[in-house]
Amino acid sequence: MEFTHFNEDGKARMVNVGEKPDTERQAVARGYISMKPETYKMILEGRAKKGDVLAVAQVAGIMAAKETSRLIPMCHNIFLTGVDIKFEFFEEQSTIGVEAIVRTVGKTGVEMEALTAVSVACLTIYDMCKAVDRGMVIKNIHLIEKSGGKSGHFTREEILPWQK
Amino acid sequence: MEFTHFNEDGKARMVNVGEKPDTERQAVARGYISMKPETYKMILEGRAKKGDVLAVAQVAGIMAAKETSRLIPMCHNIFLTGVDIKFEFFEEQSTIGVEAIVRTVGKTGVEMEALTAVSVACLTIYDMCKAVDRGMVIKNIHLIEKSGGKSGHFTREEILPWQK
Amino acid sequence: MEFTHFNEDGKARMVNVGEKPDTERQAVARGYISMKPETYKMILEGRAKKGDVLAVAQVAGIMAAKETSRLIPMCHNIFLTGVDIKFEFFEEQSTIGVEAIVRTVGKTGVEMEALTAVSVACLTIYDMCKAVDRGMVIKNIHLIEKSGGKSGHFTREEILPWQK
Amino acid sequence: MEFTHFNEDGKARMVNVGEKPDTERQAVARGYISMKPETYKMILEGRAKKGDVLAVAQVAGIMAAKETSRLIPMCHNIFLTGVDIKFEFFEEQSTIGVEAIVRTVGKTGVEMEALTAVSVACLTIYDMCKAVDRGMVIKNIHLIEKSGGKSGHFTREEILPWQK
Amino acid sequence: MEFTHFNEDGKARMVNVGEKPDTERQAVARGYISMKPETYKMILEGRAKKGDVLAVAQVAGIMAAKETSRLIPMCHNIFLTGVDIKFEFFEEQSTIGVEAIVRTVGKTGVEMEALTAVSVACLTIYDMCKAVDRGMVIKNIHLIEKSGGKSGHFTREEILPWQK
Amino acid sequence: MEFTHFNEDGKARMVNVGEKPDTERQAVARGYISMKPETYKMILEGRAKKGDVLAVAQVAGIMAAKETSRLIPMCHNIFLTGVDIKFEFFEEQSTIGVEAIVRTVGKTGVEMEALTAVSVACLTIYDMCKAVDRGMVIKNIHLIEKSGGKSGHFTREEILPWQK
């Protein structure tokens, strides 16, 4: 087994995917941000009333998916056919879950786009709330599902931060 | 206590910091990426010999610090005076730690720049190794230290992913 | 009838266009910028002689078309096959018209790219001339024609700013 | 009187502002987007309930202010200390007004940043609603106020699209 | 013979390539950077041990290839299927050669992407070493090979800076 | 003597310049592009009449100066107070010279900005003319002058490509 992102001199390269066929591909990633119960409550209340932190995080995550190849050096710049972001709420742990679903029709997968969208959505929540809670922690950003392409279907259970 | 990132209509805004003085500011953030022992070994060996995953992650993290205000919607675009990234190695847990130290002389803090640098360095490690290990998990991205500015010195213990 | 840019939770998303076929598409947009007669004269004279405001606006508009998906949050990032910009001159009203024609072969239309090109070309004219005329007004940016894609051919008369 | 954005060869340049002092500066710009009454109603209802077009436009406008110097060729890249965007509602004319207020402490004004924020917020409204109303028109983007800097205070009445 | 990048008014445009078929294309470009023998030695030693200037230049060149259409005004934004960069060492002339190989499957060639990758890799070497050698010179950036597309195969000898 | 762009682990960093005072700084860089006599003639004629290659290169070079810190990994993102670009004509050698003058008031020099502006202006000339002359060569990009900052005034003769 070998890393593919290095050339024969052992230097980084952007792997050639020119011979791969265009196929429909999808990736789903998740991550979490934990905070003080008061911060959690403020976000949820703001959502209902005014000052919607999650609406800003939603936009930031979608825009970040489109920026992925400019952030991750060896990532291909690709056309995304769709991006969606959803939030999950864990009141007991005062934690918000972020899920990104990214789709393309192309020669490479969109795992990095989904993981980047989740990361930036979480960072945006941190930014919007840091004046009241500097101790928030972003946890367990991971790939949940990947379909399309030669490497086949990948799927796994989400890993909640408080599980083991 | 109130979120500062909303205007009187409850809509998001970029907070005005025009009256704040220019002060020297620094932020330190950390995060971790856990992987299979074989992947961990491949990264460490490549580093010694050829195919240096971490050299690419280092560059990506530094460049991402400069992109922060373009990713995080309400973040101010600021001049960074210095950015450094360091790696820590936890062989037993086959986990790599990433620390970013960001400095500025300006009107706002650089927490978001440090957290973004850590996130993108971790995402780059994922990207470089995903062909051999799709199950890597990015963990516990958090602020360790923040100095300069009115809100004073913030510091806290690093939270290793396997602690509690 | 419904907005398509929201998911089932009512949050913004980038609509999935993965099932749409690749077709040749074109969009034409127009807009205007009105100014003092002296400013209008200076632009026209500079064009003939030296100091060509419109050459800069032309380049800016074309480059902006390529930036559209980074400015408009829910816009797909797409490959543009061609972009052209033309100017029209209305001496009596000391107004310059800007027309952008954008083409692609793809799964989504290029209206936003044409409208963005017109907007940025107008903003650039403003920027180049603001030292002599801060009161310029950008008027009536609108879509004139759109072809290709499922929604069919759209066409309408240009709306000159002084009509009605 | 002369355009400042050209050098002695008559070619475009980015004017040198190095000798100007740093002063607090503010610019306010406005623009409008007119649509069918049904579209107007859908936006207003969505805002109250779900599917908030204006929340996305708000974020897009603020982010665009930070991109101004990358869109407008001769514009200086500057640190913005604050950006805010507000909407006005003209039910009778089924028109939405957009106002951007941009602040800096620096050597050049922020008119272009305010005008760009308004333009991109309007374009985003267009994008979010174009599936139901392709005939929307963006109208009368203009500067309302500018303070700070050598050229002094500029202020003028807003020009509503249906006036005159 | 005519420049294709101008419209019928003699103004710049992005040429329409919509009718061109998608074909596999490749471009190879080269350039050189000459320096003091001591600087050359420091780079080579750093590479073996620590402080790898060329690893940073490698990443910068690859990322720049993806930025080409945002830097070169009339360049199409395209999907790159692969990018690789290699270095050559001319000890006698204390000169480093940079070669970029860029591939796509698309409607336009990737010469500009290869030339831009070489340019930015050379600029990065300059930046990393300028504290010890401000007099480095970037030399002879040129196209070596181009294949795919209607204009056929182009190939030529590399032009070393000290030839002729 | 040591490279400054590496930390104590030998990994790349963005050097901290926080303690440096803000001073007025200027850098001047030059480069050349050589071509067939017919291409040279076409550019010069187009300039007089229509189809101005150099007007596009001028805009591209100025915009690239502002992008420098996003292209060159360890470069600081700084506020530029002015950018100007000039062309020189060497008919006998059918070569065009490009000079960029960049100014700032800040903590770091602007050599990289001037060198990047020259590089991108040359690349743009190549792009605009490549349909008629694929064999153009970009030559001798180098720093001519640098003033301001602790390292003092640097100045040297321009190195014309055909000298020695």
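Quick notes on this structure:
For clarity, chains are labelled A, B, C, D, E and F in written order, and residue numbers in each chain start from 1.
Assume contacts are C-beta pairs under 8 Å (C-beta built on N, C-alpha and C of every residue); 3 or more make two chains touch, one makes a residue touch a chain.
All values reported here derive from a predicted model rather than from experimental measurement.
When you average the Cα atoms of each chain and compare centres, the chain farthest from chain E turns out to be D. Two chain pairs, B-E and C-E, are weighed by contacting C-beta pairs, with C-E ahead.
In summary, the interface at A-B recurs among the listed pairs C-D, C-F or D-F; the equivalent pair, sharing over half of its contacts by residue number, is C-D.
Using CA-based centroids throughout, the chain positioned farthest away from chain B is C.
Rotation relating chain A to chain E, from a C-alpha superposition: 120°, rounded in steps of 5.
Centre to centre, using the average C-alpha position, chain A and chain D are separated by 31 Å. Between the Cα centres of chain E and chain F there is a gap of 15 Å.
The centroid of the Cα atoms in chain D and the matching centroid in chain E are 38 Å apart. Among the residues of chain B, those in touch with two or more other chains are 9, 11-12, 52, 55-56, 59-60, 63, 67, 70, 73-74, 79. You'll find the chains touch as A-B, A-C, A-D, A-E, B-D, B-E, B-F, C-D, C-E, C-F, D-F, E-F. Residues 24, 54-55, 58-59, 62-63, 65-67, 79-86, 103-105 of chain E are the ones that touch chain A when the two sit in their complex.
Only residues 7, 9, 11-18, 69-70, 73-74, 76-79, 106-107 of chain B touch chain D when the two sit together in their complex. Residues 52, 55-56, 59-60, 63 of chain F are the ones touching chain C in the complex. Put simply, chain A touches chain B in their complex at residues 1-6, 9-12, 31, 38, 42, 46, 49-53, 55-56, 59-60, 63-64, 67, 70-75, 111-112, 115-116, 119-120, 122-124, 126-132, 134-143, 146, 154, 156, 159.
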